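Each chain carries a letter (A, B, C and D) given by its place in the written order, and its residues are counted from 1.
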């Protein structure tokens, strides 16, 4: 077990730190809409110009192909520099869509989309969840009927992040009529400007529009936009989810340590006070979350679901940190500011991408081997 | 029977009447397009004179009935001005401003709630209020406030507005640090927090009965059941303690301050915990602005800033609270 | 809504307080075995001599027939006086067996047993749980075969409190061969000196013997010992459980307030400290538990399961109080003393008599009306 | 690869060897009839010199391997003398008592753990120990202790014994408040607490797979699943932080004190929470003295008294802990 940087890695850290110091935007990112899109794309374009886009993507696809060490170092510096949250509207493109195309896309798909993603020229959104299948992805019902060399898509997605400002969508649909559960799905690139698409934005409880419902009324998508094989979408989708859960979360997880430090500065609690005790525990937990983040990257997992532990641990710690902030803020907790905004946003941590209840089921069943029960 | 915690017929009547009025005048749906509550309907119902003697323009009910009505107000997310006006009327009368008190009871003027924040006072959901009741920990100040001027900010990013005015005391009409007045404030604030805790429990239970996942209502899953059970336990604790505190205050019992302090300590905790659990039970819908549940969460944060619990460790614990009391009224 | 005592009730309080002050034993009750039996019977005999046995039993059966007000007043004074815990080895007789006999017993059964119970002459134990049916009482399998005017009992019970020192057992057995679930059970008075009974005490984690396994090897019990009708034991048993959950718990619940006060005295925490905050919350929760206790007695329940709320609330609060004690004790938490003993005993609160998980199911299904699912 | 958190082949070897030794010599079942552990087998295995250089009679492993072995000790409920002897040997050597250090490493003498309690020191599970290491918050004292004399009390009502001796320092051999020594103590205490947290998780999972209620294994019920998942999360957090802290200490990294303080703060919390949940999953059996799980609970209480976390708020937080370090051995 080693956690030691080579001289070259040390130099890499210095380079990263200096670049970030010179380039991180001073103002906080806008919450949503066109301003959020413009801000995020500008920041990504800047990163790309500096050679910091697609840091974990392989060289051959235009990424930086960083080793695990350097990925960690990069994110350590990134969050220390208070750079914009990695969970912005470029997240899906960089961390879902791009890696999926790299793994399963055709040469044409890769050639067209990957450079645009890296350069900060296209926003992607995810079209997985449906009204009837929030936690239960396998039950999805949006259909794609093959007509000649097109798919004709009908149905509805929900909880699609940034659909209102996205250029493309990674769309999971049922292409084999009458198929059940994981079978007969396809993973398709959907141009959001296609005729027949209606986007209805959903305001969230923090007053921001991240989510949307997307309706598909005979939307025609060329079969050439299917990623991987037709009807093989589940395998393609699982690929994406695995990627998300391992790599892309580093930035978010490490960010929490910074947030705890900011909170300690804000509170300046007298020693021995109740709030000092809470902050001391949060600090220790943030350290442990960081340790889990490192281990997720730097150790072979014992089961493929090991990552679900750190994911849930992060989600609930993020909520505790934000709740503590509200208690510290006093009357300012009633105003709109960065803390209250983050507090309200943090309610999604245990809901989006699989509720905490589902995550605990997964840990119990797949990590610990407890029996699966049909009705659950 | 000298001890009886059932609602009397009269109590049931006032509760039913209040519930009907709130359903008509303050449907929870109104929060979707936020405008500050017009409290005229509440005033017309008599909400601000409920606990005052009939001679003072009040309805002659006791603090118990008043608290129960404020529970319902909490369920309907009625703006905190309802608390401030009810308390302001009391404060005005105690300070000799009988005319102002009458106007507040009659719904001819309103009071909004305020809390100090640094050099400012934050006025909550001011609406048409010409007065503010500033809750400064163990102290109240009833102030006149001029025309709306200052920056309006959006409380917690959604819904209720907050207006910032200078803290410096101008236009002060009355001030009080009278323990009974503080206790009544804590009682009514807690009553509204209980309303929040009950409402989000009911929303979660209703949603869990209809929302299907994995081929069954999510209320069939044990984790969801247990979240709902936890909300029920919290609300039940708070509701029972509200009865205790309201009765003790009404009857002038020695343990009144203790019972209120216990209530006020638990109320924000239970309301916030229930709101959190209810959002979780609602899943994605609960996180959206469209469901009502987030308004309750924000209302809980807002109400939690009002009044202030006496430190319960400073008060003697009543280990035998049942005593003989003089009839009041 | 009224909580006011009449002058007569006030006088009653004074009488109770004075009697308790003069009669409560100074030493702590022994934990188990013969000393616990002797101590508990002596105390009950003393109460009986003072007119304080069977306080909630009707006059006509030798009880004191106290009104709800006076019952509360009695227990308020009882716990203030630090009288022995009501949950001792006389608990089953006074709070399960006696009330069940009063409700469902024959004149002979009542005439024989009730005076002995009240006078502190007999200890009863409960024979409900079985190895395969801890939380699932309806699945019990101990059988009673009718042979002439006797039942012949075979099987095993477990978690039988004080079986090692009991004279009689309230025994729930399957008397109708092949019957299922709630049907075909009988509630029987079993003399613990009967031939064929073997008691194997189970030491608990606090080092005390409260529980036992009881084995029945062709134990012959006269049919005259059946309480209520043969095969109608479920109804009889439900009667008992309802009684337990409503009345007998008052003493335990009020006792917790006293314990919190003792803990505050022990800790003498500086204001604002983390431990002061915990104690303040515990004090408020104990007050609320008391309020719940009163309401359970003094208000018509909205559903028959309302009592499960106060029961679970008590169990978990008792555990929090005891855990806080351990944190306050420092190194003394390692020694055997009243606090550590109670702490260890408190682990049973969320297990015995229906686990916290089952209690929450009941609240969700029967109080809140959420759907029952077969597998749960 | 310069960063790698996989176990090396050598680490796997020592862990496997320790696990085999512990299974044979310290089966958890032995706790049913409590006698203080004879630590001779642990000494013969080399447990008390694991982290010492080979020249000092040690095995030349690092703190990382030593910590991992103590995790296993925790899983086997090896008495706290194993910690005290390993630390006592270090302390003796640092104070110039090389001969005593050698005897401790060789298993010719043992040290038990002690904690101050008012005017006394409580010696834990003393057994054959002639020495005691008294953990006095930020301070250690290695003392000779005479023949067993004083009152033996039963720790937490069951299992391990506690012996009370006067606090007044007699027979002091060495004293230290050296930060690195304190950090090592906290690391090893936490390692044993992690062992407890893992063991009770595994016991609960195993029980939930076989125990049937309502016609299925209780592990099929979501509430039980979630208890087990919570135990897994706690143990995983602690285990990851143990690696961080052990590596940081081994490598003399600047953030060593911080990583240890974080670890030591979480360890008692996780071990106790897991033990509590495991008892609950076990139901009635878990509350009985016959199941092993209560021994773990008590061991967690006992270990939690040893060492002391530095106040983590006093230490600078390492926001970029990955650094270049010199190779050590």
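The criterion applied here is as follows: contacts are C-beta pairs under 8 Å (C-beta built on N, C-alpha and C of every residue); 3 or more make two chains touch, one makes a residue touch a chain.
In this text the structure is predicted, and so the values were computed from the model without any measurement.
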Chain of greatest Cα-centre distance to chain A: C
Higher-contact pair (C-beta pairs counted), A-D versus A-B: A-D
Between chain C and chain A, distance of the C-alpha-averaged centres to the nearest whole Å: 53
Between chain B and chain C, centroid-to-centroid distance (C-alpha), Å: 38
Where chain D touches two or more other chains at once, by residue number: 216, 220-224, 226
Chain C, residues touching no fewer than two other chains: 276, 357, 360, 373, 375-376
Chain D residues within the chain C interface of the complex: 115-117, 122, 124, 153-158, 162, 212-216, 220-224, 276, 279-280, 283-284, 286-290, 294, 297, 301-302, 305
Residue ranges of chain C touching chain B (in the complex, touch as defined): 1-7, 9-10, 13, 67-69, 72-73, 76-77, 79-80, 257-258, 260-261, 264, 269, 271, 276, 279-281, 283-285, 287-292, 294-295, 298-300, 309-310, 312-313, 357, 359-361, 363-365, 367-373, 376
Footprint of chain D on chain B - complex, ascending: 221-223, 226
Touch list for chain D against partner chain A, complex: 1-8, 11, 64, 201, 205, 208-209, 216-217, 219-222, 224-226, 228-230, 232-233, 236-238, 240-241, 243-244, 246-248, 251, 258-259, 261-263, 265-266, 269, 311-313, 317, 319-325
Chain C contact footprint on chain A (complex, rising order): 270, 272-274, 276-277, 373-375
